[in-house]
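Chain naming follows the written order as A, B, C and D, and within any one chain the residues start at number 1.
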């Protein structure tokens, strides 16, 4: 089914249809991840692949137009190249271990240690969270920094001049009474759900990345109904910038504090008398940092895109 | 036959990857190229996740009643990769918007024409 | 008692599946957008409710039940809303088309 | 029973997808995507019970949320472009 969707994306010329299919594709791959036992990944993919990325593409399309031109000149060559590469890769797969076998090399190196020891060393049930936040804390720190940098990049490309625009997107939403009221009812539970995901990440699927995206989704929903300007009065972009940096700094400072307490950078065991409690505190705080950064960057990116859009409307009128 | 049954996940990955690759090299539209890039990315995610699956295993959340877990390590890697992926996608789309502003089009061929003519 | 609950949930699940199938058939076969939307919108709420109720009976009293109720509430809120918005958009679009036609 | 439901759901998802490919108007595609999303929510819930680990309903909840948001976003987009077009034609 995934493959069918992908083919559909290739064939479709109307870019909106492409975006719709991308959404379906995201849902499908997320379901696949659930089947493969990767619930945390499915969580993230559902929020990102099926929610945020089609949204951003739509906003882009609103600015650049939706029709694609026919372009057949290089197709034959491209098809050849793709077929050859694909054939080579398939030959390569014959050397790969069998699907689902427990003896594959990937399962014999460090993973058993994580599965057997993390319960005793970190003390939280969700192994993914403990690997993410504790064993590979350095890595995750890097990822958060990457997201922060991407946020800065988008900001510098689409710098939003704080000119008070009189034509916000919200004009169209005034007569959508049903939609407005329903979304007003729904937004608080969404934000609450985000917080639940944030703090429940130790025990079930969830964590900072997912919670950040959900929180951003709630604010984006609000923005879509009430316009960028109104939303900026609630969460201004200056606050967002500070928050994005604050998340990264929070993460880093946890590392520094553990160094000051005599451990290594990001070694949470020294944060409290009992190493397990220390790990708990450390993971909670850095997940919070991750969540804040992700949410702030996502909303920031959305503001940038939507702000461009309302500026363009003004330019046209 | 056993080979078919035991390696089909890799073939799905290869097929998806090639579709994404095809979109990136053959299509002139920049937004569509980004979609293709996303498909390519997802195929890599699927490769990792399916490598982490163990038959009869369950999701890696500790529970007394379960003894076999799937490998949590690929999950961690892909989790962060997805979020980084959306960040880069956003950056790419922002670039597309700027290109559209500067050139008035997002078709690769037209952009090249304009570059050559001036 | 347990048998009765199992039977009841099975019946609910079956009925829900049947309704969903009819809805999808309608979406696939009906001639124009608005009637397709009708097929989807009408079956969606009832079928979803039936299915989730069947699952609730299986779940028994637990956190799972609470989550199922949350999902049910959420779908009950959003599904008619999005149908409404979609129908409105289609209607406007068609009106727009005909207006444009008259102008030409 | 659960297996039957799962099978039906997958079948329905396939049907929605056909509509998504074929859909003559863009609204048909939106409808298909919406239907697809709702069915995915149900599928995840049912699968959770089928595999005996029903704790993962959070994911289903998130799917429902995302489905709603994307449908609303698309419709808002249409309104926006339509208004822009109307503005343009009024200028001309």
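In the analysis below, a residue touches a chain if its C-beta (ideal position, glycine included) is under 8 Å from a C-beta of that chain, and two chains touch if they have at least 3 such contacts.
Fair warning: this is a prediction, and the values are worked out from it, not measured in the lab.
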Study note, to complete from the structure: Of A-C and A-B, the pair joined by more C-beta contact pairs is A-B
Check your understanding: If every chain is reduced to the average of its C-alpha atoms, which one ends up farthest from subunit B?
Key -> C
Practice item. Can you check how far apart subunit A and subunit C are, centre to centre, with Cα atoms defining each centre and the answer in Å? Key: 28
**Study point:** Interchain centroid distance [CA atoms averaged], subunit B/subunit C, Å
**Key:** 31
Practice item. Quick one: report the Å distance separating subunit B from subunit D, using the average Cα coordinate of each chain. Key: 21
Exercise for review: Could you grab the centroid distance between subunit A and subunit B? Build each centroid from C-alpha atoms only and quote it in angstrom.
Suggested key: 14
Revision key, fill the gap. Residues of subunit A that touch two or more other chains sit at 19, 39, 59, 61, 179, 186, 204-205
Review point. Residue numbers in subunit D touching 2 or more other chains?
Key: 30, 32, 55-56, 58, 61, 65, 67-68, 72, 79
Review point. So which bits of subunit B are touching at least two other chains?
Key: 58-59, 61
Practice item. Could you please specify the touching residues of subunit C with respect to subunit A in the complex? Key: 74, 77-78, 81, 84-85, 88
Check your understanding: Tell me, which parts of subunit A touch subunit D in their complex?
Key -> 1, 4-5, 8, 14, 16-17, 19-21, 23-24, 27-28, 30-31, 34-35, 39, 42-43, 46-47, 50-51, 54-55, 58-59, 61-62, 66, 169, 172-173, 179, 183, 186, 190, 193, 197, 200, 204-206, 210, 214, 217, 220-221, 224, 309, 313, 316-317
**Study point:** Footprint of subunit A on subunit B - complex, ascending
**Key:** 3, 6-12, 14-23, 25-29, 31-32, 34-36, 38-39, 42, 45-46, 49-55, 57-63, 68-76, 78-80, 82-91, 93-98, 100, 106-107, 109
Check your understanding: So in the complex, which bits of subunit D are touching subunit C?
Key -> 1-2, 4-5, 8-9, 11-12, 15-16, 18-19, 25, 27-28, 30-32, 34-35, 38-39, 41-42, 45-46, 49, 54-55, 57-58, 60-61, 64-65, 67-68, 71-72, 75, 78-79, 82, 86
**Study point:** Footprint of subunit D on subunit C - complex, ascending
**Key:** 9-10, 13-14, 16-18, 20-21, 23-25, 27-28, 33, 36-37, 40, 44, 48, 51-52, 54-55, 58-59, 63-64, 67-68, 70-71, 74-75, 78-79, 81-82, 85-86, 88-90, 92-93, 96
